[in-house]
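Same chain, two partners: chain A is paired with chain B first, then with chain C.
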Partner chain A sequence: MEGYLVAIGIVVLINVLLALGLTLQYGRTGLINFGHVGFFAIGAYTSALLALQGVPLVISFVAAGAFAAVSAWPVGMVSLRLRDDYFAIVTLGFSETVRIVISSEKWLTNGMQGIPGLPRLYEGIGGGLPAQLAVLVTLALVVIASATMIQRITNSPFGRVIEAIRDNEEAVTALGKNPASFKLRVLAVGAGLAGVAGAFYAHYITFIVPDQFGPIVTFYVWMAIIIGGVGRISGTLVGTAILMLFLEGSRFIRDLIPAIPEVEMASIRLGVIGIALILFVTYRPQGLMGDYTQR
Partner chain B sequence: MSLEVRRVTKAFGGFCALDEVSIAVETDALFGIIGPNGAGKSTLFSVLSGFMPADAGEILLDGHSLSRLSPHARARAGMVRTFQVPREFRHLTVRENLMVAAPGQTGEHLASLFLRPGQVRREELRIAQQAEEIIEFLRLTTVAELPSGSLSGGQKKLLELGRALMVAPKMLLLDEPFAGVNPVLTGMIVDRIRELNARGIGFVIIEHELAALTRLVPRLAVMDRGRIIASGPPEKVLKDERVREAYLGAVT
Partner chain C sequence: MFYLQLALNGFIQGLVIGLGALAITLVFGIARFANAGTGDLLTAGAYGALATHKATGSLVLAGIGGIAVAAVASLLAYILVFKRLMGRSVMALLLASIGVGFAIRAFHGLLYGHSQYVFQIPLSRPYVFFGLRISALDLALMLTTALAVAMLFAILHFTAIGRQMRAVADNRELARVSGITVGRVMTALWLLVGAVSAVAGIILGMKTVVTPEMGWDMLLPLFAAAIFGGIGSPAGAVLAGILLGIAQELSTPFVGFTYKIALAFAVMLFVLLIRPQGLFGTIERVR
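And then the complex of A and B:
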């Protein structure tokens, strides 16, 4: 049982790390990034491939974040001058492109068969519960550091400009500042966090295939921040925890209603989340913890 | 020291919004542009400030061509515009709105935030001080801590002016600063513009409210259908036959 709780904790925190990036990008800056999973995938594969070459995990994790952040550059360069909705489409296209590339480039990624046998973090301490706990603690520390970093960025002159961009981009331009430059950096920071999340994911699951990096991952993160409250770090935590607990917990609900087969349960689960999302947007658009933009 | 607009042309499809418009304004001048709706006044501002590319023509500030510069670079070069419909950063307070506009802030660089926090803090104090002076100058003290979205239309116009001042402009392009503003506030804005002009900031002002504008500017140009049809001192221009026909004729 402890093992199961720790496992859920790890999954929740990996998703919190993903959601933190989106909180900065959408909650604070207004960037509609529908391709978050692309950076998650880049991080996962970067760390996986490096680790298999014998690179120490500390370095492969840092490389995962760095490479994901750098990959945000070309995406931003081609798309950040576009209007918000087009930006959303381009990022969605980007994440699908990443998935197709890792599915197709067999020489590098082993294609659809994926990469099995990835080393776990803290394998040295013998695996099992202690190692899992160590992973959880490490993740918690990374999440705290990332949240602190985002808070620091938000409360700075940089944070003031990105909020201004969210309110009126043209006015920011008229004051002699280049919104694209700020948005690019926001995109890169969020992508870097997603990359690190990807590395944690790869070395926790130990087996990655392209299908794990479909658009639904992005949209789960979106749902989490909408439920929790857009732009708030507390909302990010609460929303992600609720969503992940529901996704996991609904397995137990199925045990209570044995009439529903597993295949249908997956659809029912998504349906319930969909309904919850509609109810939230209708009756509590500010999310559980309040919408930062509605102050 | 001047802003020179040379034969600037801008067409939308077959419609010529600006037809070889030329203006020369000293950078310490107060210059007005009037004209009926659709005359091309706001388009001229958009082209001058780089928000729309010109099809032809040249824009020079102090002899340097601005034509190839992006809009934010033009603002940094000293030519700052405001908008006809105020574009306040509505979730930010009035004070924060002003502080955003301060140029060249160290705290806008992510690395500096973490590596040079002391310098960022000192700069913030200086910028806050500067914002405070402008807030007092524009009499926005009572609303300084309110989200700017809650201000009245006239206060938003003042805020736009204040924000532009934070950039330390040589030349301000004001798009209808008196539209929808009550007479008392209009008088105040007129006074403030005069005072700023006396300190050496040049103004080009587009306006519909003839009364306020003619009281303020010693020279103005009249636009109609994308062309400048007359320019000179207000009393002379307003007597011009073409102007009466194009502009005043439409009003009375």
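And then the complex of A and C:
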């Protein structure tokens, strides 16, 4: 039971880390990033491939975040000057292209077979519950550090500019700032967080395949921040917790009613996510913890 | 000759992309948002046609059935979701359209399961023109598409509702004060969008297999063609779709089958960088 709770805790915190990146990008800056999972995948594969070459995990985790952030650079360069909806489509296309590349380049990523047998964090402790707990604590520290960083960024002069970009981009341009350069940095930081989340994911699951990085992951994260409340750290936590409750809960329902095959459960999950997205966007766009004074 | 044959196959793929891009560009031009649920309307058309074909055995009735199913799905999506979100932020409409797509895909997954279906069409010996092989089915599909596109352009340009649609696309407020009922125009728009998507989905289903994900997997080429053709330009969407389809097929001997979709992404980026208004786009200023 403790093992199960720790496992859930780890998965929740990995998703919180993903959601924090999106909170900075969409909640604070207004970037509609529909390709978050692409950066998550880049982080996971970067760390996995480095670790298999014998690179210490500390370095591979940092490299995962750095490489994901760097890969956001070209994406942002070509798309950040475009309108919001074009940016959304381009990022969605980017994440699909990442998935195609990791499925096709067998020499590097072993293609659809995926990469098994990745080392876990804290294998030195001897595995089992203590190692899992150590992973959980590390993740919690990373999440706290990231949340603090996002708050610090938002409360800085830089943060005032990005919030101004979200609320009125023309006004920011009129004040002589270049919104694209601010957005680019925000995109890179959010991508970096997603990359680190990917590294934690890869070394927790220990087996990665391209199918784990489909667009649905991006929209899970979107659903979490919309339910919780856009732009709020507390909303990120609450939304992710609710999302996990739903995803895990649907597994329990299947245990209770074994007549429902897994493929049907996947369809039901997809439908519930879709309808929840529609309902929240329509009736409660600020989410459960959202700012009650803004639209 | 090998490349000509590929180009011909690409042309038929391109019809699918062009029709789907047409559905996207109509919504973008008139209802003003990028509809990420378009792919799943294609799927709705394919399953609708498949079910009708099984029940009646007639391909013509199957086409009508598929069009009806997708048109109803599209109109329902408008009435239940998009109508309530008109005038809201880009994010709200985009995310809602993703939600609509998920809901449609889940519906298909639950109703038909995840196994692949094919249209049971009797095989016929292909015609050979100057060494190019073309099947009777392909010819029929091309003619049907040409007819569908001609009908759509006729509706847009020669009927009252079409003129009103173009007026709303041009300037919604001006259209409203000139006495155009925007609600009626929107109803017509979504029915048309459903019908066009259905034709694309049915062709795709007949040429490949029908699965709940078939439409979603096409979304990137559809958007690429809509942007390439110039957002809001129906003729541009069809032309760009055909060009993209041919380019995708011709690229497969060099980059492999899996990179077809990535090529669409590259085309989209290239167009956005070099000529963001696309081939014929004038209405939308992109940057």
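Methods note: the second predicted complex is superposed on the first by the 285 of 295 C-alpha atoms of A that agree within 3 Å, B and C clash if a C-alpha of one lies under 4 Å from a C-alpha of the other, contacts with A are read in each partner's own complex, and residues count from 1 in each chain.
Everything that follows uses one rule, which is that a contact is a pair of C-beta atoms (placed from the backbone, for glycine too) under 8 Å apart; a residue touches a chain by one contact, two chains touch by 3 or more.
What you see is a predicted model, and the numbers here were worked out from it, not measured in a lab.
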Combined model on chain A: chain C and chain B, fit or clash: fit
Partner chain in contact with A:V78 - chain B first, chain C second, else both or neither: second
Dominant toucher of chain A (residue count), chain B or chain C: C
A:R152 touches, of chain B and chain C: first, second, both or neither? first
Which of chain B and chain C A:P285 touches, first, second, both or neither: second
Contacts of A:L277 with chain B and chain C, given as first, second, both or neither: second
Touching partner for A:P119 - first (chain B), second (chain C), both, neither: neither
Touching partner for A:G176 - first (chain B), second (chain C), both, neither: first
Which of chain B and chain C A:V161 touches, first, second, both or neither: first
Shortest span in Å between Cα atoms of chain B and of chain C, once chain A is used as the common reference: 10
Contact residues common to both interfaces of chain A (with chain B and with chain C): none
Interface residues, chain B side, partner chain A - complex: 49, 51, 70-73, 75-76, 80-83, 87-92, 96-97, 99-101, 103, 105-110, 113-114, 120, 123-124, 127, 147, 163-164, 166-167
Touching residues on chain C, where the partner in the complex is chain A: 33-34, 36, 81, 84-85, 88, 90-92, 94-96, 98-103, 105-107, 109-110, 113-114, 212, 219-220, 223-224, 227, 256, 258-259, 261-262, 264-265, 268-269, 272-273, 276, 286-287
Sites on chain A touched by chain B in the complex: 149, 152-153, 156-158, 160-161, 163-164, 166-168, 170-178, 182, 185, 189, 293, 295
Residues of chain A defined as touching chain C within the complex: 26, 32, 34, 78-79, 81-86, 88-90, 92-94, 96-97, 100-101, 103-104, 219, 222, 226, 263-264, 266-278, 281-282, 285
